[in-house]
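Below: one structure, written as structure tokens.
To keep things simple, chains are lettered A, B and C as they appear, and every chain counts its residues starting from 1.
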Amino acid sequence: MMLTEWLTNIQFNQELFTEVIEYIGTFAFAISGIRLAAGKDFDLFGAYVVGLVTAIGGGTIRDLCLDLTPFWMLNASYLIWTATALLFVILFRKHLIRLNNTFFIFDTIGLALFTVVGIEKTLDCNYAFWVAIIMGTITGAAGGIIRDIFINQIPLIFRKEIYAIACIIGGIIYYISSKFIDDVTLVQIISALSVILTRVIAVKYKIGLPHIKGEPN
Amino acid sequence: MMLTEWLTNIQFNQELFTEVIEYIGTFAFAISGIRLAAGKDFDLFGAYVVGLVTAIGGGTIRDLCLDLTPFWMLNASYLIWTATALLFVILFRKHLIRLNNTFFIFDTIGLALFTVVGIEKTLDCNYAFWVAIIMGTITGAAGGIIRDIFINQIPLIFRKEIYAIACIIGGIIYYISSKFIDDVTLVQIISALSVILTRVIAVKYKIGLPHIKGEPN
Amino acid sequence: MMLTEWLTNIQFNQELFTEVIEYIGTFAFAISGIRLAAGKDFDLFGAYVVGLVTAIGGGTIRDLCLDLTPFWMLNASYLIWTATALLFVILFRKHLIRLNNTFFIFDTIGLALFTVVGIEKTLDCNYAFWVAIIMGTITGAAGGIIRDIFINQIPLIFRKEIYAIACIIGGIIYYISSKFIDDVTLVQIISALSVILTRVIAVKYKIGLPHIKGEPN
């Protein structure tokens, strides 16, 4: 009886833990959208929408492809966290640059968790693993693509830095480790850490993909 | 018997009324898309597509999120009204500017009705009211976002004027008045009028949202 | 018994034939996306995504509207052919311009087949024929629209050449010929040929749609 209680408790804590990290990720993603919108002279509504779409856009495309109800329609937290991010940017506008490293950490943790959530949801729908890797990548990276389209720029992740590739690597490592490890939670943690590690190493050592060359005239 | 007939008749008239206003809205939305496309040297096909997407884009996103068949796939009228709008722009090109106030009225009535339709459809699917407000706003405002992306500009509603905010206010007033009034039709009318009023006041007195400031370099 | 076998065999060959042409189309569409991405200094990941979206974007929108699982989630071939296209562009970069006519043929065949596939899938879902024509056109032409949005340009098909119109003509000819011909395969071939013919004639004789004129200032 006590053991069951204890296990239920652990379970609860894990769910809470995931939830907290997901909100941190939402907050960080929204901040990135709102800051870019601010640089383009958006009004408060425009900045909010760009922040929201950055945070929930990828997951929405994933859910539509999986024929699920878009996740944010079942829980208002994502909208509230985006509003908090907007307030945060307005209040601390002058100090944001100094927080860049903090945002980078939050954004990367968010990316990792979004990837794992995308993989999980897709596997739950019984799709092949390569579909899950794509959906994990879409969950993590597609919001940023819509954000850049909204501010009328070529999506950053098509030209700079390792970003979506970190999701793909995290997905592949999820697949490989799930072959050897039975504990799903452990597999998820390993996968998320590999996303974080890939991204941190890429940014620290300025590793990017080669660019594709245009044709000679 | 006579009362039933009379009620059925009223019902019919209300549906007809809604339909007529919805087509007016479609026409006005399509005109706005086609005129912007004309300014960017689109061909007839391009102008038609931009007009169509302006008119039906928001409702399509709403229906996909609600897991419904996109409304225009069940009724060809929206395509036909868009074609009429294209013909109208071609024929009366030189006189359109003088009609700007008329278009503004049509566009605003369309916005109001699209918002109410979006709210209704979402409530019919048993979602929370805040989801309905978002879906009402998407129905009214998302078509214009896609339009602006198609003509490669930053969406107007992110930087100028009260537009989507009018939908949100209309949604909130729908919610509040539904708490006090049992007659759904009356609630819908009040909500639609509040959208129209908000937009008219905002444009007349040039009321806009504050812009979010960029960061100091 | 032998006849049945023979018929089954024919059936198999037709499916194989369709599949081969579909992959040729995917390859050609992906090439067009990757080449444009290369001209905009995309990295390998960006070029791959643009190629992929050009190839599968239209069919994905179609499947979401029809409430079907996006076709590429059920068969990895489309991803593999896009990767092949990326490799091809990298290896033969300097010689691609000389192959322009070949790509034009492939792209046009792909367009024709994508259109027919879109029509078929929509009719299978019991929608009206005009919906099928639109879905055929979306399948053929929407990927190119997303491609151009990703590289931050006004979609080419809104301003230049007969492209989507070829899909619409192919759809109308499908409809008319299905009234007189019972053999579905024959109807499909006639429809596909009419798409190809329309496009080839339009490009050879530089036939385009009239442009819609802007308003006088």
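What we mean here is this: contacts are C-beta pairs under 8 Å (C-beta built on N, C-alpha and C of every residue); 3 or more make two chains touch, one makes a residue touch a chain.
Given the structure is predicted, the values throughout are model-derived calculations rather than measurements.
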Angle, in degrees to the nearest 5, of the Cα rotation that carries chain A onto chain B: 120
Proportion of interface numbers common to chain A and chain C (over half same, under half different): different
For chain A paired with chain C, centre-to-centre distance based on mean C-alpha positions, whole Å: 32
Residue numbers of chain B (touch at least two other chains): 64, 67, 149, 152
Chain A to chain C touching residues, read off their complex: 64-65, 67, 127-128, 130-131, 134, 145, 149, 152-155, 157-160, 164-165, 208-216
Footprint of chain C on chain B - complex, ascending: 34-35, 37-47, 49-50, 60, 64, 67, 69-70, 73, 76, 79, 86, 89-90, 93-94, 96-97, 149-152
